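Quick one: structure below, then a few questions.
Which chain is which? They are A, B, C, D and E, in the order written, and residues in each are numbered from 1.
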Amino acid sequence: MSRVGRGQADGLTESPGADAADWRGLRIGGLTLSVRGKDGPSEILRGVDLRVPAGEVTGLAGESGSGKTMTGLAVCGLQPAGALVRGTVELRGERMLVPNVLSLRSRELNRVRGREVAMVFQDPTASLHPMISIGGQLTDHVRHHLGMSKQDAREHAVSLLERVHVPRPREALSRYPHQFSGGQLQRIAIASAIACAPSVLIADEPTTALDVTVQAGVLRLLRELCDDLGLAVLLVTHDLAVMSSVADTIAVMHDGAIVEHGDRRQVIRHPRNDYTRSLIESLPKTPPPGAGPYDEELTDAR
Amino acid sequence: SGGGSNAGGGKTLVVDNSFDLKTSDPARAFELTGSIVDHALYETALTFKGGDVTKPVPGIMSYKESSDDKTLTLTMNGKHYFSNGDPVTVDDVVFSLKRVQGIAGNPSFLLDGVTVTKKDDKTIVLTSASANPALPSILPNPSLGIVDAKALKKHGGSTTKSDSAESYLNKTSLGSGPYMLQSYNVNTKVVFAPNPHYAGPKPAYGKVVLENVAGPTQKINVQAGSSQVALDLNADQVKGLSGGKTRVIKGASPYLIYLWFNQDAAYSGGVTDKPDFLTAIRRGIDYSKILSLAGEGATQPGGLVPSQFLGSIKADATDSHDTAAAKAALARSGYAGQTVTFSYPNDITVDGIQMETFAQALQAQWKAIGINVSLSPSPIATFLDAYRGGKLQSGIMYWGPDYPDPSDYLVFNPGEDLGLRAGWKAGADPTVTAAEHKAAAALGDDRAGAYADWQRAQNASGPFVPLVQPGQYVVTSSNITSLQLNPVWTVDLAAIK
Amino acid sequence: MTSLPSSSDVELAATGTSRAGRRRHPLLRYVGIRLGISVLLLIGVTIVTFVLSNLVPADPVQAALGERAAGDPKIVAAFRAQQGLDKPVVVQYFIYLAHLLQGNLGTSTQTHNPVARDLAVAFPATAELALFVLVFSIVIGLGLGLIAALRHNRLSDQVIRVFSLVGISIPTFWLALAFFYLFFYVLGWAPGTGRLDPATTPPPTVTGMYTVDALLAGQWDTFADALAHLVLPGAVLTLYTVGLLIRFSRSGVLDVLSQDYVKAARAKGLPARAVVFRYILRGALLPILTIVGLAFGSLLSGTVLTEQVFGWGGLGQYAYKSATTLDLPAVMGVGVVVGIVYIAINFAIDVVYGFIDPRVRVQ
Amino acid sequence: MPADLEFDDVAVSYRQAGRADLRAVDGVSLALHEGEVLGLVGESGCGKSTLARAACGLEPLTGGSIRFDGEPVTRLGRGRRPQRLRRIQMVFQNPYASLNPRRRIGSQIEDGRRAVTGNAPPVAELLADVGLEPDVARRYPHEFSGGQRQRIAIARALAAMPRVLIGDEPIASLDASLQARIATLMRDIASRRGVSLLFISHDLSVVRMIADRIAVMRAGRIVELGTAEEVWAHPRDAYTRRLLAAIPIADGLGTLPGG
Amino acid sequence: MSTDAAAGPGGRRTLRAPAWKRRRRPLLPQQWRRPMAIVGIVVIVFWLVIAVLAPLVAPYDPLAQEFARLAPPSAAHWFGTDVLGRDVLSRTLYGSRISLPLSLILVLASMVIGSVVGAIAGYFGRVVDEVIMRIADLVFAFPTIILAMIVAASLGPSLLNAVIALLVVSWPSYARVMRSLVLSARGQEYVVAGRLLGAGTVRSLGRDILPNVAAPVLVLATLDFGNAILLLSGLSFLGLGAVPPTPEWGAMVSDGVQQFSSWWLAAFPGLAIFTVVVAFNFVGDALRDALDPRTAEAVSEVSV
């Protein structure tokens, strides 16, 4: 838990004030995180600065172990027990303004996460409870946060499943995770994340466990949701190709810090940082396959 | 909480006993607890008065013995009634005795060679093939309790092996004793209620609970007042219990704890069948230590017959501790350090004492004179199996009287039951056998002397070493004023006041 | 390994559904298989008990008959014939099995009672103790295990762990003695041995468990008495069982805590209570259930030492007495009964598994 | 071109409790020519690994036959693998699981050398081949990164002087930055040593870089087979087309893959 | 939590590997620094020293019956004397020479037997596996102590027979753990790789599988050690184990039962049992924590 943040804790403000029009989304400033490791404390994040504006997909790339996941978790207050977090995570949504998520007490935090900040994890088979029905997992937080009745929540869940293109949504509610394919599960997980209409969605490698064809579908869905709902999406992935296709801006992380953040075209084509460059150079040099219609329109689909 | 509480009509008495109960059918029961139970439920043809077992007295019947001790005439003695109100008849007595013989249960040997005949409605005659001077002393045995023949026949009772009345008798007693069975659980407790038709004086307690409790716990129970009588405590346990809330009653136990050494070359290991070795063994025993282990009241027996019985003798000088003599004898015996295996049952106690305690003490004492002994404990069941087969090299065991007569001890002779267990075959020791025959044949006042002579012959060359006759202790709460110990039925529940 | 049904997920989903829909009563089939396995195990148990008792080198006749009677060949022969000991072993087994199916477990050589009747008294005694212990242990053990796991590596976790390890490390026979000495002998707080005060008449038998029967009969004094007698042996066994349950529920919950779905539930902003009871406990339910079943099984047979000290007159004491006196019908009876209970519990747990785990339920 | 490894109508089924058998590989006919690099692509669960395992004799065939050097590949039972078949070697997906953590690198590679008679190259040479210093032979697997481990695994496979090398998604568990490098390494070594390579991957863009020919598999069947360029540029099968369309391209243009 | 677990053979979660520097050997010296483990080790070392040096540290001969009987603890006899007038302290100290080596033998023997049987079941699978595991199930279904009692009662009491009796009931837990470990190890890629390079059954089991599954089994053994002491002393307590005058702890406690008011007879040997058992449990628990989670699971499933 944050020690520094406590001092300025003024909790969260429902409905943002006058400066609300300024910008919406998530702003991470000077985020550091250290855990007590086997040989003394080790810094996992060393001052992460990142802006995730609403209506955009912000990609967070970097090699394994660079701290991408930890950044996402820290934003939701899900850092490992005993970890020391400092810095600010400012959240500005339609309904809520939180000067620093890190300084919230757990009950306040519970009002924020799931409702304003939602998270999608890498492996959908692991992130859904195997013994609770899809309906149960889609509605419990909705009823908690929005105070919906059971019936309303179920109707809402059906519309959510429709939204993420899960076939036969009504039947799906009474089924269990093992009865779905990985891609469907990831869609369900996304549905659960957007159920309370959050303003920020953190997706931690949402497609790594999926096949390319399925991945393509999920990526499209993310893009669609971001555009339609005006979500601020933080997409964590190590795959620059994936990043290149959906992210508006790309941040590259190395050893617990952001080393480069810029427009995706600029980052991919003209990386400024050496580390980014080495990442990009290691990609297979592949022209686009012949089959797919090389669609100019799609290129700047926003 | 149970102590003397007034439950229903009368006071409740709780007696703690470490159960060896198997059945309450008198014709089948032959264990200590069974005797306590059956003595309270059933009257016998003859009986003993209090703790005196030297002279049988009339029970349901009075007796007259023929001069050759072969015929015993029993005559109905006053009126006795079963708990259901029916009078006890001669037929009931005949049926009961024949049933014991017929169903071939544990106690049927008591009437081996005895023919039971009804003479008339008042008299029966018991005839034995050979002189049977012990018969009057055998008849008070609770196993020979008189059951209601008419009622029992209705529930499968018969005088043959087809008898199936046992389970009925384990629920309902059919006796004329002071109590009748109220409830019976072979593992936990037996509860008695007074027999309304009992011919004798009404017992002091309206309800008696005989409860299965391990020895050490009995002590606590009496101290805590949750029971009034504890039957299985040893000298160490009763220390400090006299006075105050509890009272200790001491008596001599009828048990004889003895050692045996196998005479069969196949099992003797070339050691235990040497007379000199046996001498070393006897002189190597520190009886004072043994007696201190057995506790106050224990005595060193002179022979195999316990002190209460006719023909018992006192220990003499040859049975004293003398390490020098022991070592000398050992040297003569040619013993060369072989390990002698010493067996004993480790899950039973005699008057609260474990055989194990003695065994360990003896092991150490013999070690001091140079004999290596290794102890070999086993549960009584496995122990008996090997022991009865005569396969054990040596060991310690006890003998409880089947009936209070020295003839019960003739089994310790060459070729007899216990003699064989020590590998002592018939004809192995003519001197002892001669003495045995003399004792068995003796009549009347000659018997005591003949049995004493027989025991001395045993001591001189036999494989048995009488080790100790323990003391018997009963702890009662101080409000118990009268309790009589008896070697045959341990304690008369009805006589406790 | 995960092998996600793949291909374009939209397509396959349709076929997946219909396939699942067509399958008939997968649960029934599952239960059937479990039942079959249980029956096989049961037969195995009867064979083992039978073989074991026949391997016993000592002669049961000697143990059953008294000093004098065992020397009498007539009596011995009568006894052998009555017990069926004169027939070939295989025949004996089938006779045994046939009797078993009729609920006839033979007659104890020691108590002269039908073994079934002895067990009908001994089993409820132990079951009462075991259930009493189990109820307390589950409440305390699972609660503490949960707390320890949730407070992983903090002081409370360490304290609970030490407590649990101490619980499973104390020799029960010694603790039983110590408790008895202290609370009965020295302090006089607890009642003595046995299940009831000697003067108390047991309540009319319905279940054979005195507390339950007393309640059914409305005998409050008897109930209080029976309960008071349960406390000491109960406490001794509870300490051990609690230790066991803490240990396993803690590790079970820790396993679940590291699962992504717990993280996901927390990320949804659910209150801590909902996360714990809805997500964590449900996830840990199966391993915990297994442990509870095992604990009950081990309680049934693990009471031997405690029953010995407290003179409980239950299955443990009965087993001990029959084993040492080589009362073979009784030993076999105990073996079969404990085996049946163990197998039945495992079967029940398997079935419950099937009901609560959708992966089994709708495979 | 003569074929080193020939699949002829191969089928492999798995038994499933309470369900019909699963035909994981369903009538595959395929030939791996001498010195060729054949890429096998397809989605998760389509049967790629099963086919690879069958080629090593690790799965019993339910139909068809696999021939190596003209002789059938027999099932690997309890006994030791016949000398002849040890010329087929495999590199596995997970570099963390494919090396015995309790044994030194050197001795594990030695195992490979001892597997076949004949003069296998020395350990140092094998390590140099995969770009590692000779002195790493004394170390244990946990001291290496994933990429290094995969190199070691390749060296071990090469030590047995294989004629056919099968890579079952050898790059799938590596960091993106390493994938292309390891794939190229495998190709280079294979061509240098004249080994035929069956390279399995679900990443078409990498396979395309190194394979001579590409086979596309779906639900246990080969749906398309052709030269790398053909398959990449002019896929005939609809499924292949969809697969290709789904590949995201790191061009910085924001092209959403088709789904 | 490092991602190591996920990088395990199942490869269930991560498709990519974590950085190599995070990879650690399973046993960390860190685990030994926990207070519980330290206490455990100190106590075990204490008892080991006592066991080795008993003749030097014990004040008297444990068998000498030369003192006042049933004397309470005093300056001359710290732990008092027993029924036969032996020094309880000396007997308790000498007791470590009985319990520790015997439990070790029991644990080692059941570990070896169980592991071999379990490894065979896991490696060969199919019928072999079925038969072996059903037998193990049977032993589980049969009440441990009762089974041990029957064996001990029929073989006759002796420590060796008690060990044999307990061996009969204790091998299956090792077999189960070993089987499940071998079962998962069998499919490991390095095992398959070894087989492809021509390793036969023996070499594959001995080189690739067993060394890699030894750690959890050893941890189970440590955890089981306490259990073994408890069971052995329990049998002796029932008179089915140690033969007098051997100073065995369980038998000494049982002597104490006979003399309730002489509390010192039972109290001290009981404490001795407790300290050893709890020490082994402390160490075993710490060791289990040090194992990586997947294998720890296999251990925890069985050690009831």
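The rule is short, and it goes like this: a contact is a pair of C-beta atoms (placed from the backbone, for glycine too) under 8 Å apart; a residue touches a chain by one contact, two chains touch by 3 or more.
Small disclaimer: the values here were computed from a predicted structure and weren't measured.
K.L.:
Moving only to chains each one touches, count the minimum steps from chain A until you reach chain D.
P.N.:
Minimum step count, chain A to chain D: 1.
K.L.:
Centre-to-centre on C-alpha atoms, which chain is most distant from chain C?
P.N.:
Of all the other chains, the one whose centre lies farthest from chain C is D.
K.L.:
Centre to centre, by mean C-alpha position, how many angstrom separate chain B and chain E?
P.N.:
46
K.L.:
Rounded to the nearest whole Å, what is the centre-to-centre distance of chain C and chain D, using the mean of the C-alpha atoms as each centre?
P.N.:
52
K.L.:
If you average the CA atoms of chain B and of chain D, how many Å lie between those two points?
P.N.:
Going by mean C-alpha positions, chain B sits 87 Å from chain D.
K.L.:
Using the touch definition from the top, which residues of chain A touch two or more other chains?
P.N.:
63-64, 122-123, 126, 209, 211, 213-214, 217, 238, in rising order.
K.L.:
Residues of chain B touching 2+ other chains?
P.N.:
Correct list: 214, 217, 220, 347, 379, 381-382.
K.L.:
What are the residues of chain D that contact at least two other chains?
P.N.:
43-44, 175-176, 242, in rising order.
K.L.:
Along chain E, where are the residues that touch chain D in the complex?
P.N.:
Going by the criterion above, the answer is residues 7-9, 11, 14-17, 19-20, 23-25, 124, 188-190, 192-201, 207-208, 211-212.
K.L.:
Please give the residue numbers of chain D that touch chain A in the complex, ascending.
P.N.:
43-44, 175-181, 183, 202-206, 208-209, 232-235, 240-259
K.L.:
Spell out the residues on chain B that touch chain C in their complex, using ranges where they run on.
P.N.:
Residue list for chain B touching chain C: 1-2, 5, 7, 12, 14, 21-23, 25, 28, 30-31, 104-109, 161, 166-167, 170, 183, 185-189, 191, 207, 209, 211-214, 217, 220-221, 223-224, 226-227, 347, 379-382, 384-386, 388, 402, 417.
K.L.:
State the interface residues of chain D toward chain E in the complex, per the touch definition above.
P.N.:
For this pair, the touching residues of chain D are 56, 58, 76, 78-81, 83, 86, 88-90, 92-103, 111-112, 114-115, 142-146, 148-149, 153, 156-157, 160, 172-176.
K.L.:
In their shared complex, at which residues does chain E touch chain B?
P.N.:
Per the touch definition, chain E meets chain B at residues 63-65, 69-70, 83-84, 153-154, 156-157, 239-240, 243-245, 257-261.
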